[in-house]
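After this come two complexes, each holding subunit A, first together with subunit B and then together with subunit C.
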Partner chain A sequence: MALLEIRNATRRFGRFAAIDGVSLSIEAGEFFTLLGPSGCGKTTLLRMIAGFEKLDSGQIFLDGRDLSGIPPEKRPVHTVFQSYALFPHMTAFDNIAFPLRMAKRPEREIGERVLKALGDVRLAEKSDAYPRNLSGGEQQRVALARGLINRPRLLLLDECLAALDAKLRVEMQIELIDLQKELGITFVFVTHAQDEALALSHRIAVLNRGRVEQVGEPSSVYGSPRNRFVADFIGHISQIEAVVRESAPRHLRLEAQGLEITAPPMKSAVAGEKGIFAIRPEQVRMGLDDITDLRNHYRGTVESVLYRGDVSLYKVRLEGGALMEALLPNTGRTFGVNDEVCVGWRHDAGMYLNE
Partner chain B sequence: MNERLEKWLLAGAPTLFMLALFAVPSAIMLLASFRYPGEYGGLAPMSEGRGLTLETYRFFFSDFIYIRVFIKSIIMASLTTAFCLLLAYPLALLMSRSPQRRRNAMLLLVILPFASNFLIRVYAWMLLLGPQSALNRIVNALLGLFGFAHVQLLFSPFAVLVAMVYAHLPFMVLPLYANLVRHDPLLLDAAQDLGANSWQRFWRVTFPLSLPGVYSGSALVFIPALGMFVIPEILGGTRDMLIGNLIKEQFLVARDWPFGSALAVLLTLSVMLIAWLAGRPGGRHA
Partner chain C sequence: MHRLWVLGVFIFLYLPLVVVIVYSFNDSRLNAEWVGFTLGWYRVLFRDDEMLKAAGNSLAVAFASSLIATVLGTLAGIAIQRYRLKFLNFLVMAPVAMPEVLAGVSLLLFFIQLMDMDLGMLTVVLAHVAFSVGFVAVVVRVSVASLDRSLFDAARDLGASPLAVFRHVTLPLVMPGIIAGFLMAFTLSIDDFVITFFTAGVGFQTLPLRIYSMIKISVTPEVNAVSTLLMILTLVLTLVAMRLAPEAIKGEA
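Moving on, here comes the complex of A and B:
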């Protein structure tokens, strides 16, 4: 039995369904991420798990117990809010002690546990500081310690890294992974940042318009997106409209804007149907001469170069007019705008999507 | 340089206003309290070898009757403040958690009584509490039912307290509301999420965060309530004299200006003392 089981959860606001028949099961000890653009319903779903939002239909089970009718304060689920929601009239110590005091733990035990938690998040010195005197990263760590101190069955994290600057964010990401591994508490993390989701999660659920588009490990949602939305939302991807010419068990032959493309097979593809050929920029190779060792190779012209230091992202206009992106390390040969090049990719790279 | 001049010009007018109408009269009053009373009222001239004296203050402390008026006034002002707080807090809380449009309507209702004359509103309480009033009759009917003797509501400390609370209530509601309306509702969600029930959410989050509002509201009620003389004069009995009445009497009836001034100085000092006690570290957690 999964730790958290969401069955067919639905929440409507008027005619608009914020959450539309979502089913998910999250295992104990998992770092699970709800990923999606703003307005996709991920925060609503989080508030449903916490108990702040009711379900119009469906059920949520925690440890096999139906949570309906159980108010937020009685659920063994704690939340780290986007804006942290630290109590401004309490010191870091008192903020972290709050859940233990609500649980009526003896003061001595509270003292010991809070001091240890402060040490764990490297804030031992800041015990008596008020939130307004803490930096963003420190407030974040107090909020995290406060959410974890009473060892909830589930910790919900609502875009809680969004307010930090880029460098601190990476630091906090590493800290989050370590903390989760050490404590073994199940994390449900909400974010719209796909790089963050890929870096942190054991599994990701991609949400769009209140529905789950795909659930899987980071490598599977990135490597084999189920549909165009997932492919487009996670990472960079080139897309070309394509028609299926031949659907064989071991490969797919596509015609896309005058190009003949051999792509990995797809069971549901039928000869004659229209769809999309999509490929990640890092799967594309590029050179001045023909790349004849690859089944798919075409001539094109470099239209733009985005230099990123370690890598460059090239936009290449292919002979049939299609636009293809290629991500190449700057250690090898580099190209300039208007260079006549040849691009190619393996026959098992890229994918055909008809959804 | 120019900016400094601008600042002085801007601050100059209000500073002069305060000096002329507050500091100078206070100084005159302080001085008057150390002078001798004139033969036919007012102050005795300084020229006749009768300079300054502590006699008036000695007189005040020599008779417990005056100190008792002070204590009674402080108790009355404290009760007024306490009842105002008890009544105003739920109202301010309700207002701050209402939708914006209803909030403004409620705010208007709180301020509306100021649109009518203060004296008229106090006299209205005479009718409401008078012997022929429905309230007085109901109270006495109930008391009669349980075999108690009849009471008169009007001209009693009760009438004074009711009217004092009524008159000062808006001064408690407004600062409390201004504080409560600024609270981040997310803090209550966070508290609930971390295991606090509604009672704990109020006492652990809402109330401590509202303390600055409680303090300023209490000051706005307590200080004028301590010096109030109109309400006890109209609604109180002959024995319900407060400091305000005593001071007024010294100036207008007894014509003992030094004693009236001394009473006013002592009133100011007690307000300052109480404010200092409340503001001490440990006396306040804001």
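Moving on, here comes the complex of A and C:
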């Protein structure tokens, strides 16, 4: 059995199901992320694991033990809260010592372990500082050290990087990965930021309206989204309404807004059905007449250019009216608004989605 | 023009108090004209056994009632805020808004007719608890409200039982509010007249009751002296409470 096993968990608030029949299994040592838009139920699910929300039906097992009826303080699960929830009347030292004191460890052992933990998060000199005198990043590290000091089986992290500015956030992301690798403690991380989820996680569960849409490694969630919601939520993607003309074992032939497209095969696709053709901007190539060797290539007009320094994001109106995004490095040829261009992609790029 | 108005209001508010203080040092039996400075009235005051006894009673009642009110009000304030108990809030707050005469009469009836008690120190203490619990509860509730709710969750999450959360997190964080509430209850108790008048009976006298019975004859400089002392005590307690309460509202976060 996996370290954490969630079976058919459901939580209703009145008639609204915040968590609706969720099943997940999380392995020991994993960095697992619950990703979804606000209101998707990810924080509720986290609180169910921590013991702050009851389950209306279903079960949660930790190390094979059913957690129902076990209060939060008896679960070997600690949480790093979004607001950090550092105790304002305690110093950094006393905050980190809190879980050990509650576990009635001898004071000498507490002193040694807390000092080491403070050193590990590079806060050795801030031992006697109160939270109000610590910077956002320092508070964050105290909260992390406090959550980890008693070696929980599971550390839950609730949007805990959201309050940091962009640069510090990247630093903390790297620190989190290192810390998790070093300690081997299983992390369950909640976020609505897809870039953060992709960068940090071993596996991601995409949540929407209280249900799991897809579970998988970052590359599979990004590269092979199971449905339109996942494709849309994670990263940029262009979508065109499409009709299946032919469903072959090696390829699909689609007709989308007057374009003929050859796409990767999909077993469940049936000729005549309607769906979506979706493709990531970085899979799309753009040129003048030099990309006609690609199986899919069309004429179009540049509608807008978003310059980002290293790359530019182009929006191109194709013949037939479809809008396509292309992400190109600025090291090659660049284009301007109203330029007539040729746009294309490989026959195995993009995907057809019928959910 | 505005300044004159403000000045007028302050004169109206504070001149009577200043007069009382000034005449408590006046070397004359009459509050009529300034004769000369003396501490004599304070000497008289501290030799007046009746007055000292009344002062002792007032302090005892104030200590006892504000201590009980603080314990009950703290529990009520925390419970109201943490568990959103609207009805308890109403129950605790109603006596605060009740006219004092009404409260006095109903407490009197309650003690005599329902409980068959003898009026005296005990009934006065109970009556004072009844009207000051609400004040303590409000101050404590506000200081709990100023705390991040996730602090309590975090404490549970990190291994603290509900009782340990109360002891290690809630209580220390709300303590400034609790002390402010205690001082407020103390101040309310020590200068309460109306409710005390109804519930004290014949044999038991507090300072305000004693002052009242003395001015029935005339406002002597001794009354001025004891009023001055009471004023100073009240002022000090109020200042301390005001210094603590905003701290509790800021929550140090």
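One rule holds for everything that comes next: the second predicted complex is superposed on the first by the 354 of 355 C-alpha atoms of A that agree within 3 Å, B and C clash if a C-alpha of one lies under 4 Å from a C-alpha of the other, contacts with A are read in each partner's own complex, and residues count from 1 in each chain.
In the analysis below, a residue touches a chain if its C-beta (ideal position, glycine included) is under 8 Å from a C-beta of that chain, and two chains touch if they have at least 3 such contacts.
None of the values given here were measured: they were computed from a predicted structure.
The superposed arrangement places subunit B and subunit C in clashing positions on subunit A. In the superposition on chain A, A:Ala248 makes contact with neither subunit B nor subunit C. Once the two complexes are overlaid on the shared chain, A:Phe98 sits against subunit B and subunit C alike.
Contact with both subunit B and subunit C is seen for A:Ser83 once the two complexes are overlaid on the shared chain.
Looking at the shared chain after the overlay, A:Ala271 reaches neither subunit B nor subunit C. Looking at the shared chain after the overlay, A:Glu73 reaches both subunit B and subunit C.
By the touch criterion stated above, A:Phe52 is placed in contact with subunit B and with subunit C alike.
In the superposition on chain A, A:Arg132 makes contact with subunit C only, not with subunit B. Subunit C runs into subunit B after superposition on chain A, and of the options 4-12, 58-66, 220-228 or 274-282 the stretch responsible is 220-228.
Judged by the document's definition of touching, subunit A residues 50-52, 71-73, 77-79, 81, 83, 85, 87-89, 98-99, 102-103, 146-147, 150 lie at the interface with subunit B and also at the interface with subunit C. Subunit C makes touch with subunit A in their complex at residues 148, 150-151, 153-161, 164, 168-169, 172-173, 251-253.
Looking at the complex, you find that subunit A touches subunit C at residues 50-52, 71-73, 77-79, 81-83, 85, 87-89, 98-99, 102-103, 130, 132, 146-147, 150. Residues 184, 186-187, 189-197, 200, 204-205, 208-209, 285 of subunit B touch subunit A in their complex.
Per the touch definition, subunit A reaches subunit B in the complex via residues 50-52, 71-73, 77-79, 81, 83, 85-89, 98-99, 102-103, 146-147, 150.
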